[in-house]
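Heads up, the next two complexes both have chain A, just with different partners, chain B and then chain C.
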Partner chain A sequence: MNQHGEPSHHVDSVRTYVGVLIALLIATIVTALVATLDLGPFNIIVALGIACVKMMLVVLFFMHVRYSTLLTRLVMIGGLMWLAILLLLSFVDFGTRGWIGVPGK
Partner chain B sequence: MDTSSTHLETGAAHEAETLALREQFDTEEQQRDAATLGMWVFLITEILFFGGAFLAYTIYRSSYPAVFGLASSSLNLPIGATNTCVLLLSSFTMVMAVRAGQLGQRKAIIIFLIITMFFGLAFLGIKAYEWTEKFEEHHVPALSNFFLEGTSLQGQAKIFFSLYFAMTGLHALHMVVGVGILLFIIWKTSQGTYSPEYYTPIDIAGLYWHFVDLVWIFLFPLFYLIDRHLPR
Partner chain C sequence: MATAAITAERETYLNSAYGLKSWLLTKDHKRIAVLYFITISIFFAIGGTFAGLIRLELLTPEGDLVSSETYNKLFTMHGVIMVFFFLIPSIPATLGNFFLPMMIGARDLAFPRINLLSWYLLIAGGAFAIFAMVAGGVDTGWTFYTPYSTSYSTTYVIATALGIFIAGFSSILTGLNFVVTVHRMRAPGMTWFRLPLFVWSHYATSLIQVLGTPVIAVTLFLVLCERLFHLGIFDPALGGDPVLFQHLFWFYSHPAVYIMVLPGMAVISEIVSTFSRKPVYGYAFVAFSSMAIAVIGFLVWGHHLFVSGQSLYAGLVFSFLSYFVAIPSAVKVFNWTATLYRGSISYDTPMLYAFGFIGLFTIGGLTGLFVASLGMDVHVTDTYFVIAHFHYVMVGGTIMAYLGGVHYWWPKMTGRMYPEGFAKLSALVIFIGFNLTFFPQFILGYLGMPRRYHEYSQEFQLLHVLSSAGASVLAVGYIMPAIYFLWSLRYGPVAGANPWGASGLEWRTPSPPPTHNFDRIPVVTFDAYDYSTVIPTEVNDVGH
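Right after this comes the complex of A and B.
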């Protein structure tokens, strides 16, 4: 609250944060247990899927992105796009190097 | 400021003391949003910094999946999972400190920040124990006695453990910096610098701490959990 009695920032309840913490801890235990099961190619998908869910919980609740301005969100998404460029173009490069072959070799 | 009345001048003096609102901003909200935006720009550079390491990990793992699976399974899963929980708990106490900052509860800020720092140091202690294990198991790639049981491809195993030490080491370095930031914030809080109108440094320190937590959220599955189900 500022001097005019209007909320100038959002205060989440303790209950919300405890709930997020419990969800994060359960997700950690689940991902550790699931890793010992043989799901074939889905092991990596489940592991990274759970990691992404945990990331979203931390970013939205602990880092208050739920309340952040549109500009901040735009900058974040822009940053993630640069990360995507870094990863995708490198994978494309690395994955297709053997297709053409090296001249003279 | 030369046209200010006496009332405004005392107001300015008060602001200079608490740093509540600097003159280039119109409102406290604008000042806070600007600080948050600036921190996120910094965090993006950090994301790309760690992104390069994750890229190297992914490319090597796709090149040498068998040895990477074997080496990954040699890591201590209970310790890795415990450390993940410790870090998540520290993020919780950190966000509670920020909440106390929003409400102006000075004592609660200090208590929660000290608990956060304790969890951070606990993480580093467990990490130090885990690294000691690596030395005993001869899994340190820089040493001449390096040997990973169960494979003849020791060079590939060395790449895995090099990435392991580099990435967990960089993460641990960020934790050390984080503990230093917490110490500073605790000191400033005890000086009475922060108020519900101005708690931005606590908020920004929180963003940094949660970011370091986020990096570990991805390091944990990638290093400890991959291909653990495969028969040995």
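Right after this comes the complex of A and C.
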């Protein structure tokens, strides 16, 4: 906050932005390489994990949430929590479908 | 003329500018609310016409009025229009748009231009949907289940889905506008716990709109991608999973039920308090119950998938969670009832609608528990029991509340009263017509009549005839307000600022309100529903 109570507009150095960009590019390459490996049930976990890290980098640095007010951060966290609800409860289905066998198979 | 007498006295939002352009380019939340009001009334008439044709077809067991293909299109377009273009925008975009800023002592919403944009997005989305209907219709059901919608339907799926996709952004922007407005635009002294419960409910609704609507947008976009480019997302033949579509669809569409009914609850809290002349019993509980409904409403979507191939274990989890959403809903119903206790109750038209809402929503909510239990749901899935259940919530709940709200705030919006006798009669006709239409459907469904068929066994005819007769009574009940509201615009008695003796800030400014709502921004020194500070105004019958 500045002295007028308005959120301050923090400007990161070019070095930081380039660093984040390189991290995003590396994560993309890793995603592509991991897709060629068969990790069994971890395929999707690894892919989503890398995607989440990339998303956080964009949100924190490019979208400046790192320097935003508590309320803005709360909005972000709320969005992430709702995404977590969607994924978690969907996986309750997808993760347990095989627990009861199909009759005749 | 009386109209001239009113308007000559002072500037209002209605006479501040004239001409089509002054309406189509307005940034005034009240005028935008009126634009929405006209728009959704047209959509309601279209959706209602489809419902009328459905009920006409079902008068006889034979499929003699329309073909099965046309029948599929009728119920699909009825659902699409009513859900996405009437019920979802209904109360928030009209009454919420008009009164939320006034209730918190603000001059407008936080983003007036975005507010206008959201109306244009609804119009654009509606144009796509109407194009689809005129061009030949769509037959997937309003739920667009895959793989039928992506691979087999030969109807206008893309245009309809695109229309809903666009209208979704209208809903998101309205929600965003309301959230920011409540946070940033409250008048001095208007603390969170002085907010009318109307505002709390709209705040909760807005959170659902912002958090849930993007998911339906993405889901329909994926349907388009699969239909157009044959990407394997939902179609098993392409390597997809059709149940994934249902997860994504209902992640939004179950909370969407609360987008429809929470604003209804918002209206009922205001009406019950005003016509009991008492603060709502347990204010904080009712306020937090709205937030609880918004949150828990996102945890229950899997109860729509009990027989869709979802894992039994997921079914158990979703069934268990579904019961929880009954708790905050019950808190509201019990607290409205407790508010009535020892209240100074008057039976004006809005209160009749509120009574209707409480009774019908309770039936709709309790039958929701039937379909939330795994065993019972297997028996009634895809039967008329489900149709009756959700119409008790959406029509018996939301539309009763919407009409109650329109009657309650009509004097504020127009400066005119409507004929009370006719209005009470229409409320009664709607209540009787509604129950005659939908109660037989509970029995039909329990006896095994499936939904979405235009032919049925002879044994079901009596109940279907009762239901169709009820629909015609209901139609009369809906046409009556349309007539006397139009009449009242010119001939209704002049209302005064506060004809009901209500307590909200919107009643402390003239009717119709000035463009900027208040001559001076109010400083709030009293709690919501504090009737000791209220000065009721007389209805002045100069209109006759």
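In this section, the second predicted complex is superposed on the first by the 70 of 105 C-alpha atoms of A that agree within 3 Å, B and C clash if a C-alpha of one lies under 4 Å from a C-alpha of the other, contacts with A are read in each partner's own complex, and residues count from 1 in each chain.
Here, contacts are C-beta pairs under 8 Å (C-beta built on N, C-alpha and C of every residue); 3 or more make two chains touch, one makes a residue touch a chain.
Keep in mind that what you see is a predicted model, and the values were worked out from it rather than measured.
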First, second, both or neither for A:30, with chain B first and chain C second: neither
In the superposition, chain B vs chain C on chain A residues touched: B
Touched partner set for A:72, first chain B, second chain C, both or neither: first
Which of chain B and chain C A:86 touches, first, second, both or neither: both
Chain B versus chain C as contact partner of A:48, first or second or both or neither: first
Contacts of A:38 with chain B and chain C, given as first, second, both or neither: first
Contacts of A:58 with chain B and chain C, given as first, second, both or neither: first
Contacts of A:100 with chain B and chain C, given as first, second, both or neither: second
Contact residues of chain A, present in both the chain B and the chain C interface: 71, 78-79, 82, 86, 90, 94
Chain B partner contacts - residues on chain A that touch it in the complex: 1-2, 8-9, 11-12, 14, 17-18, 20-21, 24-25, 28-29, 31-32, 35-39, 43-44, 47-48, 50-51, 54-55, 58-59, 61-64, 68-69, 71-72, 75-76, 78-80, 82-83, 86-87, 90-91, 94
Contact footprint of chain A on chain C as seen in their complex: 183, 207, 211-212, 215, 243-244, 247-248, 251, 298-299, 301-302, 305, 310-314, 317-318
Complex contacts: residues of chain A adjacent to chain C: 71, 78-79, 82, 85-86, 89-90, 92-97, 99-100
Touching residues (chain side chain B, partner chain A) in the complex: 27-29, 32-33, 36-37, 40-41, 43-44, 47-48, 51-52, 54-55, 58-59, 62, 77, 81, 84-85, 88-89, 91-92, 94-96, 99, 102-103, 196-197, 203, 206-207, 210-211, 213-214, 217-218, 220-222, 224-230
